[in-house]
Structures are given as structure tokens and as C-alpha cells.
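Here come two complexes built around subunit A, the first alongside subunit B, the second alongside subunit C.
After this line comes the complex of A and B, so read on.
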């Protein structure tokens, strides 16, 4: 399914990413922190991709990533981090936890789309 | 043409003639490999390569640099810049093969991609920043290597703590070595227990290991922080020790980098310090005065006492302590103090005979063993020394340093060991100090102290230089150094 979950505590970012994806034909759902994001992934099997911020209240992006990847049903679910962080140690942590990519904000729409398309295609 | 050839091989190629653009493209969407010319008009392939190596997004991307000729210098720089390979221009086949190998060898990222902040900062600025960082690193490396002149672990650790605390704020810093076993911790004065405990734990040092402690405010007073970072200090194939840093919050990446950099360079200086320490322990000569050191003097004394006993020859000891030496150091500086010690050493060597043994006994103390000399004869020599020292002109920075000494004399009694003998000379010397200094006191029979002045007995002939009889081979370091200009003590 062509549904993308966008998890970010900033409504502006959710709107920006959402617009880019919707214009390209994807179905978009949103969450504002890691806890909400985790429940949505668990509840909705049609989510084919997650775009995940790192710095969020309650449960941050890396914690959410590690949590959902512990569920074997999510092993093939592609997750891309979209964040203003650029620290190598965090990138390594995401890689180890099973993320497929790391994009530093501000993002370029074409590049984000290209990544989403490629990852959705390979996991389909 | 290159692009066509690569396309034909099945590669998807992005190409540009502008190096800055190329760097930007590489950083934004890291390619499987990059090919660049070594020397380009604005930014060289070397700089490009270093930039890519320094950025996490492209650190693993193989870079192939092409050069005009097989100049070994070009190859050298290409390698140092971190290029995967260097290929001569025109060697198409070689290039394609090298490319294929490089891509195959490159660590498989399993499709993990990165898009980092490309384009937001001018490429030239980034290159400049990375060059600065590289320069900064090499300056730090050089400063660490310069610690090789520290002759001891304590001094090295002190200077290391000064260097590191300028570069990074930390809660504590510790260094430990295995042979010889040394352990140093630098921390804030209010954090001694915590820092010591954490450092011991981090470096695996039990409570028994003696500690070189530096407590000052260059270390930060923060009770908690991230886990300490520990790095091995290599020296060739060995690990000499370990360096640990306890960073303050938020600086752990920087601390890890610095710790790695410093630990890499610390091996040479640590090895030097250990060697110098050992050499000084083994040395027989006091480096400042050239006289024997205490250790070798004691070894020699065993021989002399044995000889005295065997041949029933008298033996006397003079202990000389420079008056107010601490005051000289405080008032005129340590260089002046050292000069005084050197001059006194010279004086001793000038006055004593070849067969006498003289040594630096302590900080401002000298000891002399006069062979075949009884108490009276020793007294005369001591008095000569005292007078000569008082008359000696020592100039430092244009000003005279007046120097006197207090001397104690004692004679050997048959069969005794050295300790009681030196003990008596010591007590005699203290008497001299207690009674006004700049005088000679002789420790007479039965604990009576005979002071100076006219109470000298009938002059006793002191044998002139005789050929030395070797009782058994022993160190004669000082003898060769002694000037044999022994004026006869009595103008008979």
C-alpha cells in the first residue's frame, strides 16, 4: 500500500512533508510523537513507510525506531529519519536499529520523493 | 569520453568539471565511487578527497584520483589524502578495473543512504574548515610528541594535564602505564574522591597503585557526566598504557576524538620518560655536579671499609652541608642554586686526592671519604675546604653569591659498618650548624665533640698519592674524574 506515516512534533514539518507526498500520489497519515507513532504502526498494516523525526517529546524517534523494529512484523518496514540532527553517533545508532536512511533538514523535496519511491518499491 | 566508457561498463555516471559542484553532489547524494583529477584549478583532488573523508556521509565512498604522470610525490599525497587509488591519466583499462575493485571492496551499507546538509555551506568554506581541523589536529599531535623531553612520568603527566585542559573541559583525566606501573589523575580539588574512584575503575587500577595527583581548577567541578572514554596508548605493537577522559555533558564526541588523537601520539613520550627514569636510577653519577651519586658512593664505601679493616688503615668521612641553601634558591632562583652546587662539586674534586672518594649525598649535602687519613688529618682537609669555599667567588647574573658550609668529620672505627660512621659525621655537622655555621666540627672519641679552632693535635703526615691497591675490582667512577692536583697538606 502506498501509505506513508510521517512522525514529527512540528505541525509545519508534517504539513510540508505531507504536501510533497500527497502531490506525488501517496496516502499520508501523521503522528506527533514516538508513542503515537508506535501505536499507529501497530494498528495500521497498510503503512508502507515511516518518515521519522528524532527530537520529539515523550518518546523520541530513535526510541520509536528501536521499539517498532523489535516487532518482527516490522522488519521489512522502511524507516527514514528526517531530522535536524547530524551527529554521527546518532546516525550509527539509527543504522544499527534498522533504519534505511537519514535526511537532514531542511530537505529537498525531489530527494525525499526519490528516497520514498525507491524504498517503497524495493519493500513492496 | 570517460563518461561514455563508464556508461558502457554499466555505471550510472554524474559528471562535472567544477570541483566544488562535484563535492556538493557527492555530499548530498553519496555515490558508489568518485573519480577526480589530482590537480585541478580551484580545488585539488587532494582537498576534495580529504573533505569527503571527513564527512560522515561520504567517508566510505571510494575516491580514485587521476594524475598526469607517475610522479611518486603525487602518489604520496593521494595516499595521505585518503584516496582509495591513484591511476595515471590515459590508463583507461586500469581505471575501470580499479573502479570495479574499489566499489566491490567498499563496505556494504546495505542500502543505508544519507542526505546530509549539502549545499547549505559553501564548499570552499567546508574545505577550509576541514583543512583547519586537520591543521589543528597536527598541531595537537606535535605538542603531545614534544612531551618526549619530560624526563619522568610525573612531569609528563603534569604537562599533559595542562595541554589537555586547554583543549577540552573535562571532569577528570587519567593516564596509566604498565611497565613501569604509573598512574596519574588530574581533577578539580573538590572532586578528589569521586575522580580517583572513577579513574581507578575506568583504568583497572586497584587501590594499591601509587597515584600522581594533580588537583587544580583546570579540571571542571561537575559531579556527573557521560561515561569516561578510554583509549589504549600504542607504541609499535605494544600497548604502553591507557588514557582516560571523563567529559562534561555534551562534549563526548569531541572528547572521544581528542582522546584518540592524543593517545595515538603519547606512546613515544611515555617510552622516553620510562627510559630516562630507568637510566637515572642506574646511573652512577650525579648529573649536576659530575660527582658520584649516593648509590654508587655507598657501593664504593663497602670496598673502602673492607680495605681499611684489612690493612688497618685509618679512614675518615667528611659531611658537608651548604649553609642557607634554601635561602639561596628562594632569593636567587634555582639556576643560581644549581650553579652553587656545581661549583662546590668542582672545589671538592680540586682539593681531594685521587684516592679519596667524594659524592653528592643529598640536595645540598656532599660526602667525602678520605682514605688512609685519621681524624686529625681529616680535620685539616675539612678546614681547608671550609676556608676555600668561603673564599670562592661564585657569580650569577653579575652578582656574587656568598657561600659557606657546615662540615662534620668522623673517623672509622675498626669493623664497623658505614651507617654508624656517617651517623657520627652527620651529628658533628649538625653541631656545626647549631653553633653558628661556616665551621668544622669533629666527632671525637666517646661522643665528645671537638670543635674547631686551635685544638689541632700535632700535624699528622697524610700520605701522598700512592699507587692504589685494588682489594677487589669496584667502581672507580669518581677517581678518574678527580683532579690529582693535591697540594701537600703540610708544608713541612
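After this line comes the complex of A and C, so read on.
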């Protein structure tokens, strides 16, 4: 089973998301900002999906999304944004950059799982 | 909602605008803690529970013709009670502050305002209280075993306008969308 990379500057959110995904049988790795997340995507070909916060220090989630999607090897890598932001202009920017979904915190575990399962199945 | 359709006066001469902004703040705080299972009760500041040690998250918001600084202060009980998993108070206060300013921002965006949020800063201390530029009183809330205080200081230029509320301008908290 491919891995899900969870990128969020909050350890609590990473652990919360990670628990939901691990309990459902997914392999989870974590990064605390967009810079670390970008490095992990580049270094780990088994990462099959990214759950990505927006407001983070150093490199934010939209910047990370745009960076990794510039690499053609990540064209099919599904990315879902998980953030407190709900502004449509940001959602449109993420969509244009190649994101496959947007979830506004606080997240419902069943919605997150459904999104991950659907997108992992589609990209497999 | 029963907000006025358009408010075009400046905040400095418009109690109406101030009332709307304060309502955004109050609703955002109540709904945030409610989403994490903590029922806040608004109390008069003078009757707020007295607690020495507070955790504070400070976060800013800027946009065209508006700036705001939000200080969320709470005792340990509502922090730990609202956390979905056992976690450090420092981290969870930062995340709550981030989500709180996100809710306030989303309300502003729905009324046509433009806003960007900053990263939160967290403090822990005894008898903490801000010294705001304006005369503002905190929103005070009581919880089972603790207290939450919230100062939000808005600064607006004379051109600040809240427009018509627009359906669909923002996604609501808890919503998920696949493209």
C-alpha cells in the first residue's frame, strides 16, 4: 500500500490525521511545513497521496503544491488541501495548480477517509 | 442572518460595523469550541472566572482597508477539553488560534472583504492581559472548569466596506470538496 504524506505545522493535527489513516490501514509519513514536505515527496517514490495544510511557516501549502506539481513525475500525485481557509479564490488557485480536493478544518474523519480512498484508488 | 445588506461607513463612525465585526468574532469563537465539544457560555468580563495561568495565541489578519489582531487566551481546561487527541497546550492553542482567525476571515470574505492571516504566536504566563490601542473589552466565556478570553482589535481605513453577503464565497468549516 502506498503512503500518505501529511503536511501540517501542528503536531496535533498531524497525529489526528495520521491516526485516522493508520487505523484505516494506510501507511503515513509526516512533514511539518512545505519545505520538508517537498523534500519528502522528492525522496520517497512510495508516497501516493498528500494531505496538505495551507498556512505554514517557511513554505506554505499552496507554494509546496505549485512546486511539486512543476515536476512531471508528480502530475498524477493526488493532493488534498486540509486547512482552516475556505476562500474560493484560494481553492481555485489550488485547483489550477493540480490539487484534487479541499477540506475545511475541523475535518470529519469519514469525509477525509472517503477522499483518500477514492483518490488513492483513482491514482493506483 | 439579519446583518444589514451594506455597510459603507467607516468603523470609527459606525457602531453598526463594529457590532457586525464583534458578532463575527463571538460567533467564530463559540462555533470553534463547539465544534470540538466545548460549550462556551458568554459571561460578563467582571464575572469571568479568575485564573492566574493562561495560554495565549496571538494571530493577525490583514487585508484591503482592514487589519486585526486576535488574542485568544484560555486556561488549561478548555484547551485540553477541546483537543481531539492528547497534545501539548502550546501546539493546540496555536492551532485553535489559527482556526479562529480562519473563521473570522471566512466571515469577512463572505461579505466581500479581502484578508490574509499570519502565523500564530503562543505565550504562557500569569495575569496576562494585552494593552490594546483602542478601548476594547475582551469577550469572556465560562466553561466547565475554566475560562476563555478573546480580544480582537480591528483597525479599518475610511474606505473599508462590508459588501453584500455572497452565497458560496467561502466553503464552510467541516466541508469537503473533490475536484
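Here is the rule we go by: the second predicted complex is superposed on the first by the 123 of 124 C-alpha atoms of A that agree within 3 Å, B and C clash if a C-alpha of one lies under 4 Å from a C-alpha of the other, contacts with A are read in each partner's own complex, and residues count from 1 in each chain.
We take it that contacts are C-beta pairs under 8 Å (C-beta built on N, C-alpha and C of every residue); 3 or more make two chains touch, one makes a residue touch a chain.
In this text the structure is predicted, and so the values were computed from the model without any measurement.
After superposition onto subunit A, the partners subunit B and subunit C occupy overlapping space and clash. In the superposition on chain A, contact of A:45 is made with neither subunit B nor subunit C. In the superposition on chain A, A:19 contacts subunit C only, with no contact to subunit B.
Applying the stated contact rule after C-alpha superposition, one finds that A:103 touches each of subunit B and subunit C.
More subunit A residues lie in contact with C than with the other chain of the pair subunit B and subunit C. After superposition on chain A, the stretch of subunit C whose C-alpha atoms clash with subunit B is 168-176, while the remaining options among 42-50, 78-86, 132-140 or 168-176 stay clear.
Residues common to the contacts of subunit A with subunit B and with subunit C across the two structures: 86-88, 91, 95, 99-104, 106-108, 111, 115. Here subunit A touches subunit B in the complex through residues 86-89, 91, 95, 99-104, 106-108, 111, 115, 122, going by the rule given at the top.
Across the complex, subunit C is touched by residues 9-13, 15-16, 19, 55-57, 80, 83-88, 91, 95, 99-108, 111-112, 114-115, 118-119 of subunit A.
Chain contact summary for the complex, subunit B toward subunit A: residues 28-29, 56, 109, 111-117, 120, 253.
Contact residues on subunit C toward subunit A in their complex (touch as defined above): 35-36, 83-85, 87-88, 91-92, 94-95, 98-99, 101-103, 105-106, 109, 117, 119, 168-179.
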